[in-house]
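Structures are listed in the sections that come next.
Okay, so chain A shows up in both of these, paired with chain B first and chain C after.
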Partner chain A sequence: MSADTDQRATPGWIGLWPALMLVVFFLVPFGIMLAVSVSQRDPAGAFIPGFELTHYARFLTAFFAKVMGVSVGVSLAAAAICVVLAFPFTVFLSSMSHRIQTLALVVLLSVLSLSEVIVGFSLSTLLSKTAGISNLFYWLGLIDAPVAYTPSLFALITGLCYIGFPFAVLVLYPPVSRLDPEIIEAARVMGASGPRAFFGVVVPNLRSAIVGAFILVFVFTLGSYLLPQLLGRSEDWTLSVHITDQAIYQSNLPFAAAMSIFLMLVALALVGLASLAGRQRGAA
Partner chain B sequence: MKRRQFLVSAALGTAALAAPTILRAASTPLKVGTYGGYFKDSFDKFIYPDFTAATGIEIESIAEPTGEAWLVQLSQAARAGQAPADVSMMAQLARIKGERSGLWAKLDEGKMEHISVLPKHFVHRYEDGSVYGTGAVSWYVTLVTNTDTYPEAPSSWKALWDEANKDKLGLMSLATNSFLLEITATTYFGGTDILKSEDGILKVMAKLAELKPNVRLWYRDEGQFQQALETGEIPMGEYYHDVTTLAASQDKPVRSTFPEEGAVLDSGSWVVSKASKAVEQAQVFIDYMAQPEIQAKMSRNVGTAPTVPRDLTDLTDEEFAAVSSDKTPILPLYDIYVDRGDWINQKWSELITG
Partner chain C sequence: MTGWLKRAYVLAILLLLLAPLLVVTGVSINGPQTMRFPPVEPSLRWYGALFEDSAWLVPLGHSLLIAACASALSVAIALPLALFAWERNGIAARLLTGVGLAPFTLPPVISALGFMVFWMTVGGYGQIWATIVSHAVFLVTLPLVTISLGLKGIDRAFLEAARVMGAGRWTVMRTVIGPLLLPFIVSGYAFAFVLSLNEYIIAYMVAGFTVETIPIKIFNALRYGYTPILGVVSVLFVALAALVFGLIGRFGDLPRLMGAERSRRE
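Let's turn to the complex of A and B:
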């Protein structure tokens, strides 16, 4: 350990800088949120400092359990779909020429510049009855009349996947492109079929990257509050929508903060479980 | 009220709050807050220049966020002895909450001769009888339809419950801006009195729950619904009379109907922060705005319904119909949302997302 430290190019105190940033921009706001969540609600204003657990108690009902279930379920589905699509896509992409790879990544990155509002409104038009894709199906004779595919759970998950997909690819791309092609060749030489080599060799080798992409998309979509309102039915509204309602429309900041903390705890627990699972099997 | 350009004005409101205290001299302009976006632009263009010409009082126009966000900012600023705006246009819920916490300055009725023409519900008083605000603008929430999908205009709010309209409605997503409880109570329970008890509210909510299969969109964003209404994607719902009439006049296939049970009459009011050091000028402004000819000018240019009785104004039938109606309106029971706000909100969330 001590020999290592002496040889390091960067001095140890450099680490203080990110630590300071973490404290200022993460821990302090989190502390404020924690304090707000136990303070007293002031109907005419923001909140009155104090200590009470009423807001946490209000959350512990079947209704909010259901909303939490919707949130987690929707994000898990979006994350799973994104990873299932992004992984083969990235493997395929990394076998293309360098120029095509760069082009594809630039296009994907440009998607990230679109705001949720634009994605939501575009998709709601694309899936609408009056101007949407069902008119094309109708014209082709596939369906009897144009139909609306939005608002629906399908539209919501499509929207979340549209936003989550580039993130999944960006997380997967570096390890996939670094994967030694000789590993696959070796598998094929040993007699493994294409799919067998893919699932038996490529996927296990990249397990931690896959888990990483899954976690990133999950956490990212968990906070989405616009798309559920634009593309989902009212029963698909996530906890983030209810948090927005309380914070902005009911000016009940303590309850909004308490709900946010629940959401964060659940997210942390799931992320912890996922990374634990990824690590154990990766080690085995 | 959750109208128009919330985010832009929220940012501006915060900026106004952060501005340093300026020592107020007699010549300092009167700071008047209205909802950012459409309202502020209209007031800047049609109302303030004439006011300054008539009274010599300069106006500094402030964009305020709608409803409660501005109330929170005003009350926190008042605690520090500051007023981000002297006069503010407030939604009724926020006005009542401010009244209960004593946030609004008491005004001298004797110096505001024109407010006597306002109906009683538009002259706001503290319990001791002193005036603290007046009705500023009002507008109707009506039953709107796409004229291509519905060649015949519906005549009653009961159309919302009609099984033929499955998956066709767009309704506002909050109890406090949709006023669907008042609409349901008036349509099926003979009036809004039933909403004065929790039992009654639950009965009304049970009736309201029956229309859920017809609702395609519970909207928070006005633009989303208006676009869907114009294209016929969501051909029926509740919306603002003024905006719908404006769209219809631009040949969009939409219409606004005052149902036989009445349309909802919502409003905003002028109030003065107790931290304001320009109460005198604020009174001049509030008095000026109460004049029937100014109310008529707003109906013509801003699209709001006059707060004074119609016969005091010189509005033509056509001008009046564009913003209002002679039918008895449904008046929202703002007090229940102040007294039982969290309870109603919780039941409401369970109702529409359950």
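Let's turn to the complex of A and C:
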């Protein structure tokens, strides 16, 4: 044993167990999914091993184009709204006291960890006719009678923003809190107004962090599976919903696997892009 | 912008996030079986009804069992992984960390379908232990992140001192690293526990038809119409999450755990 290995607190074999677990239960499932995506459909529920690319060919159909359009559209809208709201929120929050930051983080983490089914149920209650916000508008005299705002595209995007917002704040929180407060101080001393310092100094300094957060929130909302079913109409179903629908209700596991592989490649490419954007910050 | 305007903005957003939860709390205390807000004839009778209804108690038991076991297994994978990667910079350490971070970064439906075809192939589809193992692997990212953060904060001088005093590897681990790391292990476990409780898609695709968990039960119940028990369960889950994160915030340093470097306790 060399002196070098002696210096380490842990022996090398300690990595074998996690490696085994992750390979068997994470990489192998992906391998199987890849194999399923080129196998033959078995209407009885499973799949027949084989090699065909018919399931990937279905990406060229109008059905798939429409699903992709909806998925990308709603996620882009939600990610944009989340980042626009979350960025000033995070900047303001990170200058507040430790106590307030902790309190806000407890709220954000609690909302973020909530099951989508609970979020969907809560929001559909809030937007419903009998218990919802329209009763407040009615009471204020803004509308003639209480109405239901769900299911609709508006309700779906509201839901995605609800789950995306805490995520956006938590992604922005580390880079924002690392920003040196002295550069804002410097801008103020030089005579910049509050908003001027914000848009002229804070935003440009964190531009790549904002881009990174936008992409990560986009991928996060792309994964939403229950909200499109609980808050949207069936034409608002996203790729995530269709993957499950094909796998379980349409008994087309190979097509579901092919769509899943596609979604994974899109997500990986985007996450890679986001980490590149994050790294640029150090160089800038 | 002036201080109070900033505070008003932060407060307004937090209130917006809490609004749907307040309405759900309101509807959960309706006396009759209706969804009204403000509540009619407020009573806590649906809270009692939950604990007498086996249709809800069985999924609750499943959820708690899965969450407790899955997060323990998750920590058992993440701890050696974090320790391994801590002092090593080679390709193996980086690859392992990357794979450990992946499940949580990808849209969950991908992992869910992967687990589903995996358990269908090797057997175990529809079994509760398959859900436990799947959750453990899916959630491994959380304890991995918290434990790695804890390791980053350990002063090497302590280890050096212990070694100079003649402590062996095991003694250093038990008396120095272990105690310093414990809060991070506990928070990692707590994060994984809360997320496992609330996880829907993996539990559904691995064993949804045989092992009902609370999120699956809520979704199924929603199709058959409204009952205030839905509100009751939601309130309890929100309260549980708030309690867990509140405790971490009370006894730990939540801003630092979330990646803030400058925020200090005053």
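We adopt the following convention: the second predicted complex is superposed on the first by the 236 of 284 C-alpha atoms of A that agree within 3 Å, B and C clash if a C-alpha of one lies under 4 Å from a C-alpha of the other, contacts with A are read in each partner's own complex, and residues count from 1 in each chain.
Methods note: contacts are C-beta pairs under 8 Å (C-beta built on N, C-alpha and C of every residue); 3 or more make two chains touch, one makes a residue touch a chain.
Computed from a predicted structure; not experimentally measured.
Participant: Using the overlay on chain A, decide if chain B and chain C clash or can fit next to each other.
Facilitator: Result for chain B and chain C: clash.
Participant: Give one of first, second, both or neither to describe whether A:V67 is in contact with chain B, with chain C, with both, or with none.
Facilitator: It touches chain B, and chain C stays clear.
Participant: Is A:L230 touching anything from chain B or chain C once the two structures are fitted on A? First, second, both or neither.
Facilitator: In the superposition, A:L230 touches chain B and chain C alike.
Participant: Which holds for A:Q101: it touches chain B only (first), chain C only (second), both, or neither?
Facilitator: second
Participant: Of the partners chain B and chain C, which touch A:S260 in the superposed model: first, second, both, neither?
Facilitator: second
Participant: In the superposed arrangement, which partner chain does A:A148 touch: chain B (first), chain C (second), both, or neither?
Facilitator: first
Participant: Once chain A of both complexes is superposed, is A:V84 in touch with chain B (first), chain C (second), both, or neither?
Facilitator: neither
Participant: In the superposed arrangement, which partner chain does A:A131 touch: chain B (first), chain C (second), both, or neither?
Facilitator: A:A131: touches chain B and chain C.
Participant: Which of the two partners, first being chain B and second being chain C, lies in contact with A:Y249: first, second, both, or neither?
Facilitator: first
Participant: Could you look at A:L76 and tell me whether it touches chain B, chain C, both or neither (first, second, both, neither)?
Facilitator: A:L76 sits against neither chain B nor chain C.
Participant: Looking at chain A, does chain B or chain C touch a larger number of its residues?
Facilitator: Of chain B and chain C, C contacts more residues of chain A.
Participant: After superposition on chain A, which segment of chain B among 92-100, 128-136, 182-190 or 218-226 overlaps with chain C?
Facilitator: Superposition on chain A puts chain C right on top of 218-226.
Participant: Please write out, lowest number first, the residues of chain A touched by both chain B and chain C across the two complexes.
Facilitator: After superposing on chain A, chain A residues 46, 121, 128, 130-131, 230, 248 contact both chain B and chain C.
Participant: Quick check: in the complex, which residue numbers of chain A touch chain B?
Facilitator: Residue list for chain A touching chain B: 41, 43-46, 58, 63, 67, 121, 124, 128-131, 148, 151, 229-230, 234-235, 237, 242, 245, 248-252.
Participant: Within the complex, which stretch of chain B touches chain A?
Facilitator: It is residues 2, 6, 67-69, 71-72, 75-76, 97-98, 100-101, 103, 167, 173-174, 176, 215-221, 224, 228, 231-233, 338, 341-342, 345-346, 349-350, 352-354 of chain B that touch chain A.
Participant: Residues of chain C touching chain A in their complex?
Facilitator: Chain C reaches chain A through residues 1-2, 6-7, 9-10, 13-14, 17-21, 23-24, 26-27, 34-37, 77-78, 80-81, 83-88, 92-93, 96, 99-100, 102-103, 105-118, 120-121, 133-134, 137, 140, 159, 169, 172-173, 177, 191, 194-195, 197-201, 204-205, 214-215, 218-219, 222, 230-231, 233-234, 237-238, 241-242, 245-246, 249, 254-255, 258-266.
Participant: Which stretch or stretches of chain A touch chain C in the complex?
Facilitator: Contact set of chain A toward chain C: 8-12, 14-15, 17-19, 21-22, 25-30, 32-33, 36, 46, 85, 88-89, 92-98, 101-111, 113-119, 121-123, 125-126, 128, 130-132, 135, 162, 165-166, 170, 173-174, 177-178, 194-195, 198, 219-220, 222-223, 225-226, 230, 240, 243-244, 247-248, 253, 256-257, 260, 263-264, 267-268, 271.
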